[in-house]
Structures are given as C-alpha cells and as structure tokens.
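In the two complexes below, subunit A is the common chain; its partner is subunit B in one and subunit C in the other.
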Partner chain A sequence: MTVERGEFTTIFGPSGSGKTTLLNMIGCLDTPSEGEVKLNGDEVSKLSQKQLAMVRRYNIGFIFQAYNLIPVLTAYENVEFAIRLIDHSKESQIKEKVLNILEAVGLIGLESRRPNELSGGEKQRVAIARALVKEPKLILADEPTANLDSENAAGVIDIMRKMNKELNTTFIFSTHDPMVMKYANRYINLKDGMISADERRG
Partner chain B sequence: MKFLWNLAKKNLSRSRLRTSISIVAIAFAIFAVVFARGLISGVLESFFENHIHYKAGHIRVINEEYKLKERLMSLNYTVDGFNGKGYSEMSEKIRSVEGVEQVVPRLKFGAMVSLEDELVGMMGWGIDPLEEIKFMGIDKNITEGRMVQEGNKEVVMGAGLLKKIGREVGEKVTILYSTPFGSFKGSTFQIVGKYQSDIQGMNDKLFFLPLGQAQRILEMPGEVTELLLITSDHHKAASVLPGLNELFSREDESGKYLMQLWNKDYELIELFDFAVKMYNSIYVFIIILACFVLVNTLIMIVNERTREIGMMSALGLKSREILYLFTIEGAIIGIIGSALGAVMGGIITRVFSVVGIDYSAAFEGVDSTVWLMSPIYYTVFSLENLVFCFTLGVVIVTIACIIPARKAAKLEPTEALRQI
Partner chain C sequence: MFSFKLGLKNLTRQKRRNILIIFVIAFAFSSYLLMDSLMNGMEEMSFDNIKNYDTGNIQVAYPEYWEDRDELLLENLIYLNQDMEESIKNTDGVLGMSPELRFKANLNNGIDEVAVRGVGISIEQYNEVFATQNFVVEGSMFAPGESKAVIGTSLAELMDLKVNDYITLLVRTKEDTFNTIDIEIAGLVRAPNPMINNGIVFVPLDVAQEALNVDNMVSLFALKTVSGEEDRIIKRLVESFKNKDLDLKAYSWKESAASVIALSAAKKGGIGAVLSVVLLIGMLGIINNVILSALERTEEIGMMKALGMREWEIVFVFMVEATGIGVLGGLAGCLLGYAGVSWLAKYGFSIAYVGDASDFGVPILDRIYGTWNYPAFSFLFILGVIIAVLSSILPAYWAAHKDPVKAIYHR
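== the complex of A and B ==
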C-alpha cells in the first residue's frame, strides 16, 4: 500500500482489524515484525529510537481518540508544546503561529481554557491544532471522532479536510463510523490485519 | 528545555496534597539533618574547647614517658627545660617560634585531704595564674573570692570539692601529697577562691595553686608536667610544628620531649573523628528515607500519566527528554523541600544556639574528668551547615528521582498509548 502526498485516506474496519497497529507502524511508534514501512523512501525499521523520535517530531502529527491533551496546560500551551519541540524562533513568532492555527480550527477565544473546561469537540480541535501547528507532512488520526457526537464529528472532519486542502498535508485516519468515511477521497478496508478493499474517489 | 521546566512546574499543581506531602517529607529530613549537624557541631565544639583548655592546648609538650603514666599523675617524667635548664628558659625559646602566641605551664599532681573518717582524692594544678587567665579565662569561673597569686601559699578549689571537704573560702586546708622522691608530705594553704566549672568532675576534684608553690612543696624547682602551646587558630596548629621541631633538635640533646597536636594522639578525639564520619552516612540515610516518599509519589505519577507519556513520545520527545521532565519534577520538590527544611532547621538551630539543651541527667554517673563533657550544649548555627544540607538534599533527591523517571522514559510509546 502506498499513500501519496496530500491524500485524505480513511482506514475502515471493525475493532481488532489492525487499524491502530497500522497507524502506529506508519507513525514510527512501532516497527513491523514482517514486511517494511517506508517513509519518504526511508526504511523505518532501520532507524534507532532516537531517529524515530526525530521523524515523529518533524514529520508526523498525531490525533488520538482520547485527545491526550496535557491537563495542566491551556489550549494555547498544549499547541505551543508541540511547536516548541521543533521551532526555536522568537516568542512573538511562536505566538503568531499558535494563534493562527487555533483560529483555523475555530478556537479563538478559548485559548486560555484548560482541557477540562472544553467540550469533547473543542478538545479534539485542540488536538488537531497541536498536530497541525508544526506543519508536518503526515497526520495520523486514530479514530478521531469516536468520542464525539455526529455534529461535532462532522465539524472535526471538516477541519481536517480543510487543512488537507489548504496545506496539502497528508491525512490518514482510522474509523469504524460509516458516516465519517464518506468524507475521505481514499478508502482502505482492513479485515483481520489484511487490506480487503482499497478504493479512490474523485 | 525551558518549556519542559514550565511543564514540570505546572505538573506539580495536579495533586497539591500529594506534592505537599512529598515536600514536607523532604523538608522534615533536611530539618532533622540541619539540626543534628548543628547539635553535633555544638557538642564537638564544646568538647574540643574543654579538651584544649583542660588537657591539650593547641600543642602540648610533655616528656615522652609521661604519656604512658599520665593517668597515674606521675611526677617522675617532667618537662625540666632544654638539658635540665628549667622550663622558664624553654618557654621563652618556644615563644620565639613563629606562630606560638602563648606558652602555659602546668604541674599536675595527685593530692588528698583527710577528713575525720575518709580521705578525699584531689587533682592539684600548679599554674601560672596570669597565663591561665589569658588562656582559658579561668577568673570568670571564680564564683567566690579571687584567683591565686604567684608567691602566696594559697589555693582555689572546685565548688564541689569545697562542699565535699566541708570548707569555705577564707578557711585553711591541709593537703597531703607525695613528692617524686617518694616522701609523703602535707602542707596547709589558705583557700582564697571557689572555682565553678560546668564539668562536674573538675568541680569535684580540682584545685589550683601557684606554680612556684607547687614546685616548692613537691621539691621540683624548674619542673612542670606539661607546657601547653597556644597558636592563633587551633585548626592551623600543625603549621607551627616544623619551627618547633627545628628548635627542639637544635636545643634539646635528650630527645625525651614529645609534641602532641590537640587532635592527634588522643583516643577520644580520634573516636569523635570516626563518629563524625559515621554521622555523615546517617544524614545521607535520613534523606534517602525521605526520598522513599517522593519516589513512591513519582512512581504513582508515572503510572497515572502513562498515556500522556505515550502522547509525548508520539509528539517526538526523546526518551532522555521524558527522563529529564520527570527528574525536574522531583528535583523541584527536592529544591522546595530542602529550602524549607534548611530554613526551619536554621531557625531552630539559631534558637538553641542561644538557649542551649540541658543533658545533665544523661551525664549522671559519667566520669567527666575523662570525657570533659559539659552538660549543656549549644547548637552551632552556621550558613555553611544550611548550604551543605540544602545541597545534599537537592542532590540526593534528584538522584533518587531518576529511578521513576527512567521507568517513564523506558515506556514503549505504543504500550503507553494503549493504557487506559
């Protein structure tokens, strides 16, 4: 399976079909026991732990089902945390980047709230902003809408779609929600760890 | 790395109670160590001061043989000057050695007073009153009457001794003693003063008489049992030894004299040196005990934040950075706890350096002429102690934190993210 730059791909399949494992391997969090994963042409399993961390830091953004925001940091600080790892520019430049991305995901005005003061949809938008702020080549989202109601889920997918178009960021997200998968322009079906369908839509 | 510091600081506010308990545990340990060090310094300082005053000076010149017979108060191995020319000339020459500020002669001997139905053993010190006043401020301990004066046939007696023999200042006392030639004699003296020392054994046994009188009754002209040499700083007394050695090798043909540094050749002092080293390991142990609380807290924190650690790995944090983050969290607790402990310990140590702690009950039955222990101790307040304990606390706590922090750093990202 090859994913091209700028694709908006959904991996669909029931629980236990291997969606998360596949995303983890693409995201350099895990290495395959068989076969190989190439990212930008580099064989992932040959990289050291430190090199893998660097690949994740500069090239990959993650969005989790459970948001995984740091509870003691505000929305702004959660996003800032990700960019501080790669960007050592001046405070004012960092601030501008963080506020721009928060604006893009519709969170301006909520930036000083902590995660426990935000709704599920808002939290997931913070997580998206955190993944996007460093402008990675690839964003991996593991069931990003699983904890959201349909309205919020649609909102989150809309934002991901918008970012995909505007920044040409590659998105791969897993879901078992049929409602969400219709937004994708490529659809991969997993069954028992194997790809059972791979379709592209216009 | 600044953002990791900021995050670590904010993380501490997650469970304020838990953080506070860890801080209190560390603070308490540091407090205990500050106080213990202050107290032990006080005990040692008091002991060293007594040891220097009553026994050793900064350097003591004795006859080499006297070292073995000292406890018997032998008068057969004395300091009689270079080649038998008397101690005075010797004192003069020693005083001219660079670094020696004072030479205090003493002639110590055993004596008795006969009561109706018992003999009371005593310790007589033939002294140069002016030198003793200058050296140990002996006049400040005279609570009644005055100090003896050279040339007069008079004594000053310890308060306990006076009570034991039932005499008062102003009365006369007949003292029995034996000369180095073995003859047994008695002499009557006027009691002119009462001496009150905080060392009970000295109160109960000691009497002073002018050195000239002691030499006369004992038939030991020009002889003393020891010369105490005083320098500007007892810690630097050893630096005077080369000059003294040169003088002695030039002037003394017999080679019978021994120069003892105040902190060498005395078993008790060596014992204290050993004890101080042992206490240092006890301090470290106390802090390590307190660290258990903190390490336990941090292990709980790591378990609670497993998913978060996985998320940080996913964001691209290296294992070392995760280690760093958790170590900083522990170190901040260590810094706050150690600072609080040092301040509290400092305050209490300061208070007891003025008020003192009374150990009289503990010293009942202890022969204080041997131990030279004062029953009231004053803790020593010093900035050095606070800085030392604070630094020790921060270093040990930080090292201890590496254990849970390593646990966090070693988590596999996928495993960590799977945690609920």
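== the complex of A and C ==
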C-alpha cells in the first residue's frame, strides 16, 4: 500500500489483526520479516539505528493509546520536550511554537498542569500537540481514542483532522471503533495481518 | 539542557525511595567521616601526649644509651658541662631543654612495694619542656631546691598515698649497691598521658644523682623545639656535636611513638576498607535505583525512543538523576559528618567503652577528641558524585537499549 502526502488514513481492524505492527513498521520502530517499508522513497531497512532515530526525530510524530506523557513534566513541558530535540532556537521562539500548538489543540490555560491533573481527552490532546509541534511530515496514532469516551474521542479526531488540513500533515491512525473511522478520507481494513479493504473517500 | 532539567525533575518521582537511598548514602558517608576524624584525633593526641609529657620533641643521648633506653641502666650517661648545654640550648629552633636522669626504683609506702621509673629532673628546665605542671591535681610540683617528689594519681591510688606522705624509693647505685631515697610527696599529677600517672616518680635531679652516685650525670636531654621542624633541628644538632667531637645523637619523638605509628598504619588500612564499603553501598544503591526507575518507566523510555532520542541521550537523563542522588546523598553525608565531627571535636569520645587504651599502646587517658580533616569532606563528596555517575551508566544503558516496541507495549 502507498500513503500519499496529506492523507488522513484510518487503519481499521479487530484486535490482533496487526494494526499496531503495521504502524510500528511504518514508524521505524519495528522491522518487517518480509517485504519492505519506504519512507520518502528511502528503503527503511537499509538505515542504521542512528539514522532511524533521526528519521523518527525529524519526520515522524507518534500518538499512543496510553498517551505516554512524562508525569513530572507539565503539559507545556511535555510538548517542549519534543521540539527541543530538533530545534535549538531561543527560548522565546520555542515558547511561541509550543503555545501556538497548545492553543490549536485547545489547551490554553492548562499548560502548567501535570498529566495527573488532566482528563483523558486533555492528555491525548497534549500528546497530539507533542507529536505536532515539530511539524513532522507523518503522524502515526495507534488507537488514540481507545481510552476516551465518544465525546472526547470526537474532539480528539476533530483536532487531528484540523491539523491535517491546516498543515497538510499525513495522518495514519488505527482504531477499532467504527464511529471514528467515518472521519477518514482513506480507509484500510486489516484482517489477520492482511489488507482486506482499501478505499478512498472524498 | 532540557534533558538535564528532566533528569532533575525525575528526582521528585519515587520520593520515598530516593530519600531512603540518599539517607543510606548520607549515613555511610558520615560514618566514614566520623571514623576518619576519630582515628586522626587519636593519632594526633597520642603524638601530642608522647611529645608533651614523655619525650619532648627531640631527645639527645649517647647511641649506646638510646639503644637500651628502656632498661634504664646507669651506663653511657652524659656528663653535664656548661659548654655542651649552652650549645644545645642555643641551637636554632630549640625552645627548652630538660636534663633527665632515669632510673629503676621500687616504691615503698611502708606496707607494699611496686616497681616504678624514677626520673630526676631539674624542675625549672623540666617545666620549660613539658606541660606536666598544668595537670597537678593535688599539692604542687616541687620548687627548685626543694627535696620533694611528684607522682601520678593512679600510682598514688594504688599505693594509698597522699600529698605530704613520705615514700621510700629503693634504688641501686651505679656500683650496684642498694640505696634509698626518702622523700615527701609534693604533688599528684593526672596528665593526659596515662604512662605518667601509672608508674613515674619525679624527684629533683641532684637528689637522684646523689642517691645513685652518678655525679653530675644524666641519661638524656629532652628538648622542646618548634614543632614540625624536628628533622631540621636534629640535623643542626648532629652537626654541632660532630664539630665538638661529641658522640651524642639526637632522636625525634617519632622513634618513641612506634606503637602509635604502627597503629596509625593499621588505621590507614582500616579507613581504606571503610571507604571501600561506603562507596560500594553508594554504588549498589545507585545501580538499584536506576534499575527500578527504568523498570517503572519502560513505556516512557519507549516513547523517548519513538521521539527519536538516541540511547546516550536517554542514558544522560538517568545519569543526571543518579548524579542528583549522589550530590544530595554526599551533601547530606557531609552535613551529618560536620555535625558529628563538631560534636566529637568538642565533647570527644570516651574510650572507657573500649577499655584501657594504654593496653594497646595508645597513650590517651580517657577521651579521644575528633579532629577536622576538611580534605576528607571534599574528597568523599567528589568521589561520591563520581561513583554515582559511573555506576549509573551501565544500568542506564541497559534501560535505554530496550527494544522500543517491547518497551511501549510492555511485551
């Protein structure tokens, strides 16, 4: 399969169908035992550990089901963490970027809260901001809404969709929630590790 | 910089565990500092007690006498003459000289008899060299020209003697005939050096010379000198003896401190062993801490890898945290040590708990006072931090080396 730039792709499938495995291989965290993954036309399996880390650092943002925020850092700092890895500009510029992205995901006013002072939806929005702040070409989200109620899930998907449109960021996210997949403009269905359906919608 | 901040912030996680390990490190460090302080204190006091109450800084005697000096024989004595005394006294760095005639005697109180060491002294000169007079607890030192004796409190207790009591010293003259010294006790001393208190009887030099039939002779001169300059002064003395064709030699107090010096060599070994244990405790604590933290933060480490962090960058975060623990533990240890050493320096440590220290050849009466060894504080602190950094590296690499997929999904 090929994912085009700016696509908002859902990977749908039951538990154990291989969604996480597929995302991890695209995200250079895992390597396929058969077949190949190409990013920007580069064959991923030919890259060294260091190069893979650099691909992830500069080009890919991850969003996890369990948020994976650092509990001792505030919402602001969790986002700052990601941008500091690639951007060594001045404090004020970093601050502007971080606050902008926090505003975009609707977290202004909550930036100095720690993860344990945020709701699940808010935490996931911090995680989205963390993935988006470095403006990567590709964002991979593994069941980002699985721990959220439908209202929060819709909010999170809305934000992802908005960012996708505004920044033309490519999104690939997995879900097994049929409600969520209606937002996608491309829909891939997995069954037992195989793609059983692949549709584009307008 | 951000990693540094993160490392420090991570210190606030698992507060109880971190405080525990900081406390353990602090306890180990301060124990070391206290022990170091006491050991050095013991050594310093022992040396002082030898110098100030027994040998002076330097002793001058004939080598033949010196070799058998513990025998207290009346052979190879020094015949006093003004010229020689002047030349010793005028040697640069010599602050006082006390001629002494040492002899074997039996002290008799009319009922019992006990072997003692008699010391004939010229009281004014003796007082210039030794501080014994400050520790007269009853009566006083005898005055110049006064024919009285001074003994230690322990001896007085043993023989049931008081000031103004008369004692008889049974001695053998140079010619090996028996003689006695009948003399009144002028004062009792309780000096910091137990040896003085247990078995020495001070009498005027002329009284001793007459009773022993050694006309105007002494065993040795005890000299008080500028302290720390002993070796140089000894060189000067030896030089001047050579020029005057005298066979006299000069000996540092250190030669009489062999048992203490042997003990202080053992001390260095002991302190080294304690230091190793202390550092090992710190090391194990840090390693344990990093491993536990890494296990708790598996998903976080996976996330960091997903963010594109390199292994060494993740290691750095753990190292900062471990270093923080090392610094805090070291600081707390130094503070605890500071408090403990202050206490030891002020109030001392009663060696009554370990028994009579003079049994081990330590000439200290009842309390060891701690000394300040500031370099030990900074040395320990720096070493502690270095150990913390080094011992965190391996477990941190182990943590950072995890497969990101396994780490994130806990597989």
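Here, the second predicted complex is superposed on the first by the 202 of 202 C-alpha atoms of A that agree within 3 Å, B and C clash if a C-alpha of one lies under 4 Å from a C-alpha of the other, contacts with A are read in each partner's own complex, and residues count from 1 in each chain.
Rule of thumb we're sticking to: contacts are C-beta pairs under 8 Å (C-beta built on N, C-alpha and C of every residue); 3 or more make two chains touch, one makes a residue touch a chain.
Since the structure is predicted, the reported quantities are computational estimates derived from the model, not experimental observations.
Student: State whether subunit B and subunit C clash or fit side by side on subunit A once the two structures are superposed.
Tutor: clash
Student: Kindly classify A:L47 by the partners it touches after superposition: subunit B alone (first), subunit C alone (second), both, or neither?
Tutor: So A:L47 meets neither subunit B nor subunit C here.
Student: In the superposed arrangement, does A:L110 touch subunit B (first), subunit C (second), both or neither?
Tutor: After superposition on chain A, A:L110 lies in contact with neither partner.
Student: Should A:D30 be classified as contacting the first partner (subunit B), the second (subunit C), both, or neither?
Tutor: both
Student: Report for A:A66: first if it touches subunit B alone, second if subunit C alone, otherwise both or neither.
Tutor: After superposition on chain A, A:A66 lies in contact with both partners, subunit B and subunit C.
Student: Looking at the overlay, what does A:A146 touch: subunit B (first), subunit C (second), both, or neither?
Tutor: In the superposed model, A:A146 contacts neither subunit B nor subunit C.
Student: Pick from 62-70, 134-142, 242-250 or 260-268: which stretch of subunit B gets in the way of subunit C?
Tutor: 134-142
Student: Quick check on the output: what are the common subunit A residues between the subunit B footprint and the subunit C footprint?
Tutor: The overlap between the subunit B and subunit C interfaces on subunit A comprises residues 24, 27, 29-30, 50, 53-58, 60, 62, 64, 66, 68, 70-73, 80-82, 84-86.
Student: Flag every residue of subunit A that touches subunit B in the complex, lowest number first.
Tutor: Checking each residue of subunit A against subunit B gives 24, 27, 29-30, 49-50, 53-58, 60, 62, 64, 66, 68, 70-73, 80-82, 84-86, 130.
Student: Which residues of subunit B touch subunit A once you look at their complex with the stated criterion?
Tutor: 3, 7, 10-11, 13-14, 307-308, 310-311, 313-319, 413-414, 417
Student: Which of the residues in subunit A end up touching subunit C in this complex?
Tutor: 20, 24, 27, 29-30, 50, 53-58, 60, 62, 64, 66, 68, 70-73, 80-82, 84-86
Student: Touching residues of subunit C toward subunit A in the complex: what are they?
Tutor: 1-2, 6, 9-10, 12-13, 299-300, 302-303, 305-310, 404-405, 408-409
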